[in-house]
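What follows is a group of structures, each given as structure tokens.
Note that subunit A is present in both complexes that follow, paired respectively with subunit B and with subunit C.
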Partner chain A sequence: MSLTTEIREPNAATDLKQPDMSRARATSWSLWTRQTLAIMRLEIKKNFLSRRALLLYLMAGLPLVLLSALALFPPPNDELENFSELSQVYAAIYGGLILRTLVFFGCAWVFMNLFRGEVVDRSLHYYFLAPVRREVLVVGKYLSGLIATVLLFSITTVGSVVILYFWRFPTESARYFFDGAGASQMLAYLGVTILACIGYGAVFLIVGLFFRNPIIPALLLYGWEWINFLLPPFLKKISVIHYLQSLVPVPMSEGPFAVLVEPTPAWISVPSLLLFTGIVLFLASLHIRRMEISYAGD
Partner chain B sequence: MTPTTTTLTTQSSSPTASSPTATASTLPVAPVSSDKMIVFEDVSKFYGEILGVNRVNLQIAPGITSLVGPNGSGKTTLMNLMTGLLKPTQGRISVLGTSPEEPEAMFQKLGYCSQFDSFPRGATAREFIEFYLHVHGYTKQETAELAHAALERVSLVEAADRKISSFSKGMRQRVRLAQSIAHNPSVLVLDEPLNGLDPMARAEIIRLFRSLADAGMYLIISSHILHEVDMMSDNVVLIHNGYVVAEGEVHGVRDEIEEHPIQILIRCDRPQILAARLFEHEHTVEARIHDDRNGLFVKTRRPDDFYLLLNKVITEQNLHVESVAPVDDDLNAVYQYLITSDGGQA
Partner chain C sequence: MAVYEHLYGAYEGESHSAWSRFLVIPRYALRETFKSKLFTTIFILCFIYPLVAAILVYLHHNVNALALLQINVRELLPIDASFFLTFVQVQSAFAFILTVLVAPPLISRDLSNNALPLYLCRPLSRAEYVLGKMAVLVFLLSLITWIPGLLIFFFQASLAGLAWLWANLWMIQAIFSGSMVWIIMLSLLALAVSSLVKWRVVASGALLGLFFVPTAFGQIINELFLTRNGHLISLWATMKNVWSGLFGLFVRKTGEIRGRVTTPIYDNELVDIALLEPPLWASWLTIALICAVCVWLLARKVRAYEVIK
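Presenting the complex of A and B:
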């Protein structure tokens, strides 16, 4: 850039009049929709098409790599040799690794960074200085995180099923998925993954807003979700995992010390999770409306 | 400030100020529609028990209004309050009839070039400006046109598609400036906009500000360099320890600058030779060699004449000069004068 280049002086007749932009003509809803989409595009580009997303991709790819390795190099006394056991094996992999660990930490990483990451990067003020309702900002950011996590962990969920079943038993698996209960089970797992992203996403969005160092609350939540099987029935229900676990098609064995309770029916679990998410997003919106930016100490 | 304000008038004073004449007054509100003014009405901001600004009453008209004060005086707090980045503990702010509580309305009229020197990772200058224009709700074509026009205004078209991370401080400052003016706001708030710019870029940016103001915009600029404020402002607001201590048209401050010598530090080799030559200048009040003997403190009543002389001496004596910078202490002396005496009173 040449410093000798003249800065163009504004033309009062053209520059300062608000151009006949479609924004001015837009109704509130269409403007909010356009702004939400713009925020989503920006967030996806910043957070999911950059190096920052590498950890997320590693987490989402881990089960696929592990199951591929097991298929390529089967261990001695391989339990995966028995087709009828595969649904139990998948239930354990899904419940223990995918749902409780990878989706949990994947959502923590993505949703806590939506606001917290911008405060650390000192770039949140650019949003706050745009003519956008802060509620729209919350919704746009949340939806961007949701799209990314749902997409990635849906691939993980379906990909794990495909590798586990089809690698070794292509004929039986084809029959099981196209003529038996396999497809509906896989869709049920997929639904649970999507609901997990919705629920955990909302939780971690608000954790990222309220805590300067959200790692500790995230670890406490992780502990709470893991000991859920030991909790008395009333406390079990103050968790996300209880409702998700109620929806999985094949329950994971929780061991001899588990406190057994009836699973919450789907017609209660699903609306409860969605209602919970709505409430959390509403609280996040209230908080963000009052939020100040100084970046001091961040 | 109202357009009718013609002199530098002292406002409310800080509790610690020793001025016997400073009164805890509020600015008389002129009968001007608040839809055409930027209004601070009894605005205070406390960070816990720490004072940010206290009982600020201002009416700001079109033109360039400079907020002047030493570091930590409350200039940025005032700007952040005006733009909703901070919430007032008490009081009301209105920007051309809109409130910071309604960002969707206010930021159609207002652009803020803050001091936060940060950008989305990996973004080019053009992408950065376009990102946030999209958030305004503009279509792709509108966004491209507005971004290009803004980049053109700050002479960054050639560098527009380079990553901002490769930019110098001055170029980053220009990018932020372009981003803040891209949507053609009526009000432009600029926090130390000349920081990091070289002298030529400073002159160009000041010219841009001047032309924007002449076109009817409201520019609120913070600075702690009185000399620059004097060059570009229509009005000044002097802030000290969170209190607006004086405000008025710029000639009032100019008088203060002329009465009170400013101190300049010149980092150079052979400061003794420089001192001897500078003393030939009638407005040089004092010249003192820096303790490390690699610099010279000079006090002068005529900075413009002084800089001309300095250039001449440097050329004649073939001196090697590392830097020339005003020293803040002298600015504080002007503030102290305004705070502790009748100096600012009309």
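Presenting the complex of A and C:
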């Protein structure tokens, strides 16, 4: 395994009689980077090629199948006959299906299995026995999950837009996307998908680390995110979906019972989510340093 | 005692009758289940709604209590079919949560530890093994669904009198069969997932996904295709229709929308399109199909040995 070949450098660094601190630090960083990349390579293979990935592919493919069916068998709906209404239709599909359900469950599936999956496979000790800092392991695994989910759900997001617009209105769509506001709207949706993967990924990584049975926290989180529209303004901010919805280019009505609040501006939403992710990864790193493996009961 | 001094001894304990052998499995599984504090807490929480329902029934018939609380009897929920329908729906939602907690390790643990041969080398058939595992869920879920439902029904009957009981006797069947259909479907689905996925966490996740993802997908289908047939792929919506049917509250037409229609009669004209729920037979058929697929999966996966190439 490539991990074993990477052990030697820290020893070399510590063996220096007169340690040059800045050089040693630079060596450590380059070592950690290479180790992170090595872990990522291993994990990306697992995320994309294992049997567990099948469910992820299925989830990512659902909207594409649905929108292809919509294009092939158009319903008697005025909204779908009118090009200007398509942005509202997409907003409903994106908000109701892609963001709140598929990205949520996709991230839960991938990120909770990063550590919990190793425990149930009884293989986490191989990583713990390797001369790799556990923080590096957390970062490597998180990044691998992020690459898998971002890649798949970005394809879902962009693919859905393309199928919905171009299948039925190719000329108008080409004008809308290449000369109009379409491209920026699509990029905004793509950005929201990526941020959702970053935010939910961090949450589920830590849930998978802290809880032996992470299903109940996941269920509670799903409920919390779903009732977000009913929550008072202060509580709304303690959720990922609030920040994501603030960034969506076409806002959707949340119904008559929704508690209306001003959307959080992008310059607060994006750094908040990134800061939250950073804090969660830091906590995960602290936790994993003291983590002892017990395979019993899993 | 040295090992060689151990001699074969025939079983001297009490022997079980052939039909009740499968009950050994739930006995041990239930003991294991109640060791979990989380499960016990959630199980207790499942009785909050029945308690509230019982209090509502009591308030309806207690003038003193109503006067004390300064509530008009008309402000309280009526105790009728819709009251018991809501009761079944709420308790069934709790039943799902309990299933997600209890069911995943039931078969997956035996499969991942290669313990199935140990069960099946005893006088226990594969069907009895599955029945035993199912009995765990049926017992637990019955305790929170139809048993309290019937208790509240008889509580109301005892307070309202014989006339009310005779007029609403049919509801006993609705409460019982509505709950049992949900329990059997949940149990089969959970056991099938548990037999397919050998890991508890993954099985729980799959069960949650099977429940929530088709629900959202069905909802989007309904919105886009101006239909309500998307409910057929949502377990919860299908069951809601079945429950409504059993309680005599099923309404097919749930809305109306204006859409453009091109048919031999209408040429791209705007007309009112009625949004019709799928017929009841379609909902029953969906449930039967789900159960049949689960039974087939269980028959395939629950085997004493497995040939691995």
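Here, the second predicted complex is superposed on the first by the 269 of 298 C-alpha atoms of A that agree within 3 Å, B and C clash if a C-alpha of one lies under 4 Å from a C-alpha of the other, contacts with A are read in each partner's own complex, and residues count from 1 in each chain.
By our rule, contacts are C-beta pairs under 8 Å (C-beta built on N, C-alpha and C of every residue); 3 or more make two chains touch, one makes a residue touch a chain.
Please read all numbers here as calculations on a predicted model, not as lab measurements.
Peer 1: Quick one: is A:I293 in contact with subunit B, with subunit C, with both, or with neither? Answer first, second, both or neither.
Peer 2: After superposition on chain A, A:I293 lies in contact with subunit B alone.
Peer 1: Now for A:R134: first (subunit B), second (subunit C), both, or neither, which partner does it touch?
Peer 2: A:R134 contacts subunit B only, not subunit C.
Peer 1: On the A-aligned overlay, A:R168 touches which partner chain: subunit B = first, subunit C = second, or both, or neither?
Peer 2: It touches nothing on subunit B or subunit C.
Peer 1: State whether subunit B or subunit C is in contact with more residues of subunit A in the superposed arrangement.
Peer 2: B
Peer 1: A:P214 in the overlay: touching subunit B, subunit C, both, or neither? Say first, second, both or neither.
Peer 2: A:P214 contacts subunit C only, not subunit B.
Peer 1: If we overlay the two complexes on their shared chain A, which of subunit B and subunit C does A:R52 touch? Say first, second, both or neither.
Peer 2: both
Peer 1: In the superposed arrangement, which partner chain does A:Y126 touch: subunit B (first), subunit C (second), both, or neither?
Peer 2: A:Y126: touches subunit B, not subunit C.
Peer 1: Where does A:I39 make contact in the superposed view: on subunit B (first), on subunit C (second), on both, or on neither?
Peer 2: Only subunit B is touched by A:I39; subunit C is not.
Peer 1: Classify the contacts of A:K237 with the two partner chains as first (subunit B alone), second (subunit C alone), both, or neither.
Peer 2: It touches nothing on subunit B or subunit C.
Peer 1: Using the superposition on chain A as set up above, list the residues of subunit A that contact both subunit B and subunit C.
Peer 2: Residues 52, 121 of subunit A touch both subunit B and subunit C.
Peer 1: Help me check something: in the complex, which residues belonging to subunit C touch subunit A?
Peer 2: Residue positions touching the partner: 38, 42, 97, 100-101, 199-202, 204-206, 208-209, 212-213, 216-217, 219-221, 223-227, 258-262, 270, 273.
Peer 1: Can you list the residues on subunit A that touch subunit B in the complex?
Peer 2: 1-12, 15-19, 21-23, 26, 31, 34-35, 38-39, 41-42, 46, 50, 52, 121-123, 125-134, 290, 292-295
Peer 1: Which residues, counting only subunit B, touch subunit A once they are in their complex?
Peer 2: 80, 83-87, 103-108, 110-112, 114, 116, 118-122, 131-132, 134-139, 142, 146, 149, 152-156, 158-159, 171, 179-180, 184, 186, 198, 200-201, 204-205, 207-208, 211-212, 214-217
Peer 1: Using the touch rule from the top, collect the residues of subunit A that touch subunit C in their complex.
Peer 2: 52, 55, 59, 62, 66, 70, 73, 75-78, 80-81, 89, 92-93, 96-97, 100-102, 105, 108-109, 112-113, 116-117, 120-121, 213-216, 218-219, 222, 298
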